[in-house]
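One chain, chain A, links the two complexes that follow: it is found with chain B in the first and with chain C in the second.
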Partner chain A sequence: MSTAVSTQLLDVLSGAILLTAVLTLWRRDLASIIRLVTIQGVLIAGLALLLGVDEHSTELYLAALGVLILKAVILPTILRRVLRDSGEVRETAPLVNVTASLLAAAALTLLAYVLSGPLVALAPSAATRALPVGIAVVLLGFFMLVTRRRALSQVIGFLLLDNGITTTAFLATSGVPLVVELGVSLDVLLVVLVLQIVAARMRMAFGSTDLDGLNGLRD
Partner chain B sequence: MSTQDTVISVAAALVQVALIVVGAPYLTGLMRQVRARIEGRAGPGVGQPVRDLRKLLHKEATRPEGTSVVFIAAPLILMASSIFLAAVIPFVSTVAAVGGVSDLFAVVAILLLGTVSLALAGLDTGTAFGGIGASREVTIIALVEPTILLAIFALSVRVGSSDLTDIVAGTLASPAQVLSPASLLAAVAFAVVIIAEAGRLPVDNPSTHLELTMVHEAMVLEYSGRDLAMVELAASMRLALLLGLGVNLFAPWGVATSLTPLALLLGVVMLIVKVALVGVALAVFEVFMAKLRLFRVPELLAGSLLFALLAVVASYFLT
Partner chain C sequence: MGMLTSTGTLDPGGPAAAAILFVPVVVPALAALLAAVLGWRRWIAWGAVAASAAVLVAGVVAACATDDGSVLAAGSLLRADALTAVMLLVIGSVSVIATWASVGYIEGELRTHATTARGARRYAILVPLFIATMSGTVLAANLGVMWAGIEATTIVTAFLVGHHGGRRAVEATWKYVIICSVGIALAYLGTVLVYFASQHSGGADGADGTLAWTELVAHADRLDPGVMRIAVVLLVIGFGTKMGLVPLHSWLPDAHSQAPAPVSALMSGVLLSVAGYALLRYRVIAVAALDPAFMMTLLLVVGIGSVAFAASMLIAQRDYKRMLAYSSMEHMGLIAIGMAVGTPFAIAALLLHVIGHGLAKAVLFCASGQILELTGTTRMDGVKGLLVRQPVLAGVFALGIAALLGLPPFSMFGSELAMARATADAGLSWVVGLALVLLLIVFVTISRPVAAMLFGPHDDTPQPDTGDGQTMSAARPTSSSIPLILGLLALAIIGVATPLDGLLESAAAIVGTR
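What follows is the complex of A and B.
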């Protein structure tokens, strides 16, 4: 593949990853948020595949396959099951309303751009120049974790955070060693499973997964 | 530039103005007709807005008691700003008749001038509807104007100039840029902005006078006769201007880069075809849309502002 084509593909993929992260903040419908996270997983796998083709690295192909299976198949399946069991179809009352979240997302993206400036300057290439995308997705994930009330939205915020870290790793170092990647992926899977159980317990105890219900003590 | 070139470029600018002034009502008519057909109505025909305008022009303009010069001046300012924009935006050729005026910031400011004068006129009437319309319009415009600026700015980054003619010429010179992430994001943001600025569904419904929802119609409720004709014509022109600007920024094929008559003719034909296509697409899109609740509109506009900002950021870090 010629450099120009692969650079353009890389740009389109990174742009799309950022776009899906932003759209998860925009949508209220939890089912479509899960769909967006799935798409983001596919895009990240595509990014790994593209870098693998560029560097002729089998390890990156395997990483791409692993990312695809975990982020686009297993995790969305678990999330969909949580959604079906909970019966809450919308993020009703985020702590920060959607308009303000979108404006905050704009500010966070700029922040990511400023933060990654020195990193990009270390080794400028097409992949590292897209580094702000990864960092922006991390920041957006944090933002979603902090401002959403439903347990499911918070899990998705956590996944966004992890997707951001994976993207940053791929863009900055063309992929961490497969062992590390595997370890991180298993960690994420475990966290999501634990959170699923926690959400189920919360629903049994409180009737909803509004995490603010955990703030007060009661008899 | 030789005298002959100057004459031709002035002629090209006049052609643009004539095209927009004459074509805009037909564009509105075309969009209404497409909508009517899809909804299963016969429709009044493409020429109906023109007939309406002719009828209104023969009628006397009444003015509400107590209105000031603001009310009288607003249609004139709106019309003048639209005609000016029709002359300077590179619709048909990238060789500007009046150099340096088609700057992005100047164009957006003049676009805003028309909107603000109409909002002031709405306030000037002192009626409840005028006030509601003006307040809603200003709420929308506060997010729309920065979005237009940012969306076009994202395109201007790679050209290195904020002049619209340079941006269009730059995109013509390297067509691959049309598919860059920056350009795609900016296109989405710009599409939302066109819909909001021109008062189309789902932001505003141009075909109703329902007090719960109307924005543009509420501001111009007190106009009649010649003044109403001017406001209506200017509104159609602004839609045509925005659509034309949109297609030329994101798909500038066919725009003349030289001043030969043949290239100019091709430019005119391509502009008509492209704007008509986008207009029809917008009309079809509107059929399937419901009016957005007014309080949800800022959300949509904040989203488009974010898209435009991402476009600018992306044009810096994604080559």
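What follows is the complex of A and C.
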């Protein structure tokens, strides 16, 4: 593949990853948010595949396959199961409304560009120039985590954060060593499984997964 | 031992060394496997104690082998220097106390139907696994593997925090998993950036990045400062979360107060310090790669912030388990301040503090579990006249508090004094002054209500929410205090006879600077 084409593909993929993250803040319907996260998983796998083609690296092909299975198949399946069990289809009352969320997303993306200046400066290349996208997705995930009140939304926020970090890792380093990659993937999977079980317990104990109910422990 | 070489020392890279390094991970994991297959049995619970003792013994062997500065290694996966040995000693000794206390704890819960056979089995699986993940973390030669180990502790402990079920346990578990996972995810991003910097540290030929700690330390001065600055902030916030430092500390009082007492002992006594250990490893790299003042300022801010926040939360505290939790936060803050100073003397002092805090908190959390079982309440005003009702337990609790507040002969007296001196030597007298004021507040706010718990008029009216557990637990054998008394003895011996000084100096030489 010629460099120009792969650079363009890289930019398109990175842009799409950022777009899916912003759209999760726009949508209130939890099922479509899960769809967006799934698409984002596919895009990240595509990014790893593209970098693998560029560098002729078997390790990256494997990583791409792993990302695809984990982020586009297993994790969305778990999320859909939580959604089905909870019967709550919408994020009812986010602390920040949609318009303000989208404005915040714009501000956070700008912030990501400022923050990642030193990262791009260290090794300017097509991949590292797209690094701010990864950082922006991290910030957007963090934003979702602190402004949403449903247990499922918080889990999705955590997954966005993790997707952002994975994107950053691929763009900056063409992937961390495979051992570490495996450990990280396993951890994310286990965290989501643990959260799924805790959310189920929460429903039994509180009758809903509205996190405003979590106010029994204070000083 | 036949595996020792003729000179009597351990061959650092040989099979004997490798075996020693695998023991702290493999033996507790086997204990967990046994519990997974057979469920809760009394002898399996004692097996967990034996596994903890094996960790402690491996720690002692590693300490003897490394206190001259040598390094044990098992391939490129595991390594142990004097710092690792110190951490293994803490993990081993606190685990022995906690698993020993667990035997009586779970039996009591089964008797009063506070837990089911299934809950007991889960507990028997997860506690040894928890110990294995912590050992793996401190033994990891690679910073990526170390990160994975710390994250694994969150997963393993999630259901231990939620052991009791019910609204409060669910709430504590949710906060714990979400906040710690986010914190540790930030630490992962920091790790990725360190790897990125190492990929570009060797000029044109340096395309191979590394996360091996020794290699990173050797080339730390070549890492790009711009990238490292971002990485270090992420690492301090990330591992700081797991250590209970501001700003992502809010999980700590909830998780430590809701977890079963022996688990709180492990979480507070060692897990926090294991996260601190990760920061110690990264600090050496950060100081060489950046302007040293950057790391110092960062650690001072989170350290002083944590001590101040903990002191303020202790002022109106009415729950003794939450009081102990905030006290952990205060001590972790002090350790962060010691790390900020970072001279070998300060590091040796903070490691002694880690040991002292681990033992004292293990004793106190286990004792608080017995007080809870006895009185049915965690409110301090619900406990009166403990000295009359349970003299041994009350004595253990009182001595533990004395140790925690830094009174002699216990080792935290020496370590707090040494940290103060090291901080003053580094020209940070204002920090010492500030910390002393905060420690005075802590001293008063802890000692007054505890005195009321110990003395005070003996109240005979049964607590309303205990049910039939009251009569059963009133007859609790004093043998349950044995591990706690051993812990206090160890604290006093370390404080008076200072047997660990050589080891601590070697450890401090590894990660201390200037």
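One rule holds in what follows: the second predicted complex is superposed on the first by the 215 of 219 C-alpha atoms of A that agree within 3 Å, B and C clash if a C-alpha of one lies under 4 Å from a C-alpha of the other, contacts with A are read in each partner's own complex, and residues count from 1 in each chain.
Throughout what follows, a contact is a pair of C-beta atoms (placed from the backbone, for glycine too) under 8 Å apart; a residue touches a chain by one contact, two chains touch by 3 or more.
Keep in mind that this is a model prediction, so the values were computed, not measured.
**Q** Evaluate whether chain B and chain C can sit on chain A together after superposition, giving fit or clash.
**A** With chain A aligned, chain B clears chain C, so fit.
**Q** Report for A:V22: first if it touches chain B alone, second if chain C alone, otherwise both or neither.
**A** first
**Q** Going by the contact rule set out at the top, does A:L103 touch chain B (first), chain C (second), both, or neither?
**A** Once the two structures are laid over each other on A, A:L103 reaches chain B alone.
**Q** Of the partners chain B and chain C, which touch A:V5 in the superposed model: first, second, both, neither?
**A** The answer is neither, since A:V5 touches no partner chain.
**Q** Does the superposition put A:V176 against chain B (first), chain C (second), both, or neither?
**A** The answer is second: A:V176 touches chain C but not chain B.
**Q** Check whether chain B or chain C contacts more residues of chain A in the superposed model.
**A** Partner touching more chain A residues in the overlay: C.
**Q** Which value, in Å, gives the least CA distance between chain B and chain C in the superposed three-chain arrangement?
**A** Superposed model gives a least chain B-chain C C-alpha distance of 18 Å.
**Q** Going by the contact definition given at the top, which residues of chain A touch chain B in one complex and chain C in the other?
**A** none
**Q** Using the touch definition from the top, list the residues of chain B that touch chain A in their complex.
**A** These residues of chain B touch chain A: 176, 179-182, 184-185, 298-299, 302-303, 305-306, 309-310, 313-314, 316-319.
**Q** Please output the residues of chain C touching chain A within their complex, sorted ascending.
**A** Counting only chain C, the residues touching chain A are 142, 144-145, 147-148, 151-152, 154-155, 158-159, 162, 165-168, 170-175, 177-178, 181-182, 185, 188-189, 191-193, 195-197, 199-200, 209, 211, 224, 226-227, 229-230, 253-254, 257-258, 313, 316-317, 319, 322.
**Q** In the complex formed with chain C, which residues of chain A make contact?
**A** 115, 117-119, 121-123, 138, 142, 145, 151, 154, 158, 161-162, 165, 168-169, 172-173, 176-177, 179-180, 183-184, 187, 190-191, 194-195, 197-199, 201-202, 205-206, 211, 214-217, 219
**Q** Contact residues on chain A for chain B in the complex?
**A** 7-8, 11-12, 14-16, 18-19, 22, 26, 98-99, 102-103, 105-106, 109-110, 113, 116, 120, 126, 129-133
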